[in-house]
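Have a look at these structures, which come just after this line.
Here subunit A shows up in two complexes: once beside subunit B, once beside subunit C.
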Partner chain A sequence: MKTIFRFALLMAIALAGSAQSKVSIVASSTDLASIATYVGGDLIEVQSIGQGKSNLHFVEVLPSYMMKVARADIYLKVGLALDAWAQGVIDGARNDKLLVVDCSTGIEVLGKPTGKVDASMGDLHPDGNPHYWLDPRNGKVIANNICNALITVDPVHKADYQSRLAAFETLLDSKWNEWQEKTAAFRGAEVITYHSSFAYLANAFGFSVAGFIEPKPGIEPTAEHNNELIQLIKGKHISMILRDPYYSARAPESIARESGAVVYVAPSSVGGTPSAKDYISLFDSLVDILVRGAK
Partner chain B sequence: MTARKYLLLFALAVPGSVFALTQPDISAIGDFRGYTGNWIDSTDAKTSRNGNFNMRFEELEVVLSGYLNPFAKAQIVISTPGDGLEIEEAYATIFKGLPLKTEVRIGQFLVDFGKLNLSHAHAYPFVDRPVVHRVLFGLDGFKDQGVSMNCVLPTRFYSKLSFNVLKGSVVGEDEAVEDPLDGRYTHAPILTSRLNGFWSLSTKADMDIGVSGFIGRYKGRGAYGTGDAELGYRNLYARMAALDGKCKIRPNDYSSLTLQGELILNSRDLFTDVFEKRSNWGAFAFVDYRFRKRYNIGFAVDRAPGIYDNGDGDYEQNIPVERSNTATAAFDDKNATKSFALFTGYSLLEETTLFRLTARWTSFNISDSSRLVDGSVESKRGEFTLSAQMIFSLGPHKPHEF
Partner chain C sequence: MLELLQQPFVQIGLAITLVAAGIHAYLGFHVVSRGVIFVDLALAQAAAFGYVVALMAGQGEHSGISYVVALAFTLAGALLVSVSRDRNDRIPHEAFIGIIYVGFAAAVMVILAHLAEGTEVVSEITNGSILNCTLGELWTVTALYVAVGLFHYFFRSKFFLISESRKSASDMGLRIVWWDFLFYASFGVVVTYSVHLVGVLMVFSLLVIPPVTALLFTNRKGRRLVAGWLVAGAGSVIGILVSLYFDLPPSPAIMLALISILVVAGIFRMITGIGVSPMRETVS
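And now, the complex of A and B:
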């Protein structure tokens, strides 16, 4: 009888523990993880596989990532073929209960190629530019996708998630106005970027990308292309080169020396620079760079 | 009706959208090589290939892979080594829905004995397969037909236990032969198992350690496999055990240092005039430094049992083929082949176009020439081989990582 009582007690403790346990989320990127934190708060535990200073295109699938996903409730994918490696992690995790969320659902995708896409065009994404989180308006779409997933997995806290989502959207709206005001002087400017990472940022803040350090997506800079860029920068009086933290400084610095433009290390993800601590401060950092560029 | 007509009818019958959705990923990987070196035969004379610049299209691999349904996927690798056409791998993997998160693989596949064997040779940072693998597993590595099961163990770190029941081609004839004396087959399915653990030492360093075991009967009861009842009855077994390790350090996105090695202990029963149990060992290790993402440089050391005969056939070990049914050097417990290699590589973009260069010095340690067919040979001069390799891959299948 004592044994049965002890067993029942243990079961009750275990069940009580599981009822209070947090929703476990693994995200492909720090950006999705940060937005998930805004929506889930202390009801979730979130980890990111990609790191802010790493190139999300190239993440090596490691068994330790599979271990994380094996214990997770939700996996947040960037989608649009950016984190194609995530499928290997998800399959390797063998987690039948995992809810996989493609956070690009509902995004108005930029740069979707028309016609046939092949490797002669470089590492071009056939579904369009996948760096969509760099438009703060898309942050709302991502947050809604995450909120829906959380409600599916943890319907008990539906009201909590919805209220946190509303607070996040309000915060984004107020920051949007602030950021737009600060970058007003930069509107209409042209910049050079290393990769097509900042197309959504340009769209959000009204500047344009005149050229890329990469001759084609994923292709290393060449001397001939660098010379063309130098002429372009001089001809159009472009003053700013944006480099993601994980790309080599060599070609941008060399072009800057020859052309007179200034290279800015711009975080393309949360954690990319020390100041980009979360999704909001990521834009604070980027806006700060644009403001400096406008002077 | 020809197969082509059937295919055409099938394509017409299946709605286009469904056909497109169910098409597998199709990839092709070509491996072209140029090589030169000094190769000496048993009379100490240069072989016909010595000093020449030789070229050969080593292999074309066509890979078809995709999901069969939400629970299973399949991969077929057809290769063209030399003039032939062979199925290198063809298997289905049920990876979801089984109890205890078990994964089951059925078909023909590279066996997870050690770590390196799981990768296709084009994924190695150097040109040639380690000599110890060529001696113990054959030129294509350890691949076999059968069933493989593995499960992830409930440990704090990632650990996996696999168990394979295989046909046994790596130690026996391709087709089992019925013993004339008792009607049993001359070799039985072999059993292999591997346990490996993976640890993240830090955010920039990982380590993988594995142990593997193998046992297989390559000759059945029929009198030491000879079919002679007067000699008595005894099964002949092959046994192997391996310890493998890999450590990868990534200071940043663009560089990594890989240290990898494997020790294989090998024991083979042999009946020539008397019953013998011969034990030997082989090992390899390499250090590969990848920098600026597209370049790599490193060195490899390798030790294999027996005298690895580079295809000239002058140094075959003194084991009658009908008694061994495998590379005869695997039975040599006295002599050894050692090599040292320097290698470098460059990939144009990702792994779609790779160039590799490997310089390999091979030395031969003959301490007992009675193990060789020509017992008068007391030494074999060392060889030097310089190999250049160009690999191109078309489609989604790329050399695997870690």
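And now, the complex of A and C:
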């Protein structure tokens, strides 16, 4: 009797599995989820744990995240120690069939610390700057990583995934030219950012980050630091301060008031501002900000 | 350092700290006498809950409505604090204050779990920085704290009587719960605003360290108040100067300066024997 029951249960699980035809993906961030949608189209179902306005460094893990991952086929991690909390979600889900993809594989990482990393640096990123999705060229690398994972999990639709990947790459190439043209006037400019979130964006569009509002993340800045920043902005005639939507407005506004620069709320992820609806419009929004800053 | 002292943001920071030191060292006198040391944390948490509720309802962090909602929850917290005191003092009031704190903190976490900008909002509410204050904020807090200070000045006999001896206050037929509510409500208004500007640890330090230092030397009300103000003012100025000179974050420098004054005062008292003897302290 027991064996029959077990057999029936197994059959039910197998049937349930085959009925679910779409590949189920859970991503740490909305950016990875958006790129997955470009590659997977309607063959996949994708959910993101991080929201556009959440600080991906610190996400509170809820039991429902583990439930989502328990039923998923693929988990997309940002990696480079940014979403360290994701490991807790993955472990808690106890899903043996889950394919965990570190989307930073193959990325040329910026800001790798050369000396030794210690606690005096605040919560610095020991593996290098993890905000790599903010260079559209890295979007291709991420898309390739996701495509490979989809082919592993769902080899039947290999050709579909590959053609969608190619279309996404073509779209990125044409948008790349458009974005570069629009931001041409901004090349060589210097900006102040709150955190090191925009290093890759600066690299992609040829501007540079002259200083940070928060010198060591999580530690109150000193008067000397604020003063240096104000003098730097005045001396170099820097006009733009970029703030991620989730950081406090108080410190950037205070620096802006004293120095005459303008604070722009720049989405660092899809969904960070209303206009950043997907990976492409994320850059449309960022490019708009750079264009406004160049005037 | 002189160059830094000429910067407006440093001057505003120093002024805000001194204004905050004034009202907090006074309120701290009551808080320490009543033995409700952590009431500021509980009321700040009630205000944070109000902000989060407003945020969930789609109100921006700095909108007028969200401030009103935060104030309403602060008053609700004040009401809870004032009614939760056990008449016979069989259960320490701090126990209830801790429970009120945990209750609001847990409620905040429950709501924030489903708001994307969650953790950042709470840090925005509770981690002020004195260097980021505006001139407008300086005038607002000065007006607000002077108003609260006047309110306390007019009713000083009642507030001090309850703080120093609840028993004689109730013997005189004072409606203690009502006066307690007024006290905690005005206290909550101050704390909610100053936590946002200077941070929760600074508020606690300015509130508790000066009155405790003063208590080492005197039990007399007037002297305690003056000594508390001197300690709070000296700690703020020394802390800020040290932070400018050694390039340190100002808030922790002020806290450490206050604690240093307390330690030096304690050693001074041990060596010289000047101060309140334990015998006399219990007699009062």
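The rule we apply is simple: the second predicted complex is superposed on the first by the 269 of 295 C-alpha atoms of A that agree within 3 Å, B and C clash if a C-alpha of one lies under 4 Å from a C-alpha of the other, contacts with A are read in each partner's own complex, and residues count from 1 in each chain.
To be clear about the criterion, a contact is a pair of C-beta atoms (placed from the backbone, for glycine too) under 8 Å apart; a residue touches a chain by one contact, two chains touch by 3 or more.
Since we're looking at a predicted model, the values are computed, not measured.
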Side-by-side fit of subunit B and subunit C on subunit A, or clash: clash
Touched partner set for A:246, first subunit B, second subunit C, both or neither: both
Touched partner set for A:96, first subunit B, second subunit C, both or neither: first
Touching partner for A:42 - first (subunit B), second (subunit C), both, neither: neither
First (subunit B), second (subunit C), both or neither touched by A:54: both
First (subunit B), second (subunit C), both or neither touched by A:67: first
Which superposed partner A:219 touches (first subunit B, second subunit C, both, neither): both
Colliding stretch - subunit B into subunit C, listed as 111-119, 147-155, 255-263 or 273-281: 255-263
Set of subunit A residues, in rising order, touched by both subunit B and subunit C: 51, 53-55, 58, 60, 62, 219-220, 246, 248
Touching residues (chain side subunit C, partner subunit A) in the complex: 3-4, 7-10, 13, 109, 112-113, 116-120, 123-124, 127-129, 131-134, 243-244, 247-252
Contacting residues of subunit B [partner subunit A, same complex]: 73, 95-97, 101, 103, 152, 157-158, 160, 198-200, 203, 206, 208, 250, 252-254, 292, 294, 349-350, 352, 401-402
Residues on subunit A engaged by subunit B in the complex (per definition of touch): 51, 53-55, 58, 60-64, 66-67, 70, 91, 94, 96, 119, 122-123, 218-220, 246, 248
Of all residues in subunit A, those that touch subunit C in their complex: 50-55, 58, 60, 62, 219-227, 230, 245-248, 250-251, 253-254, 257-258
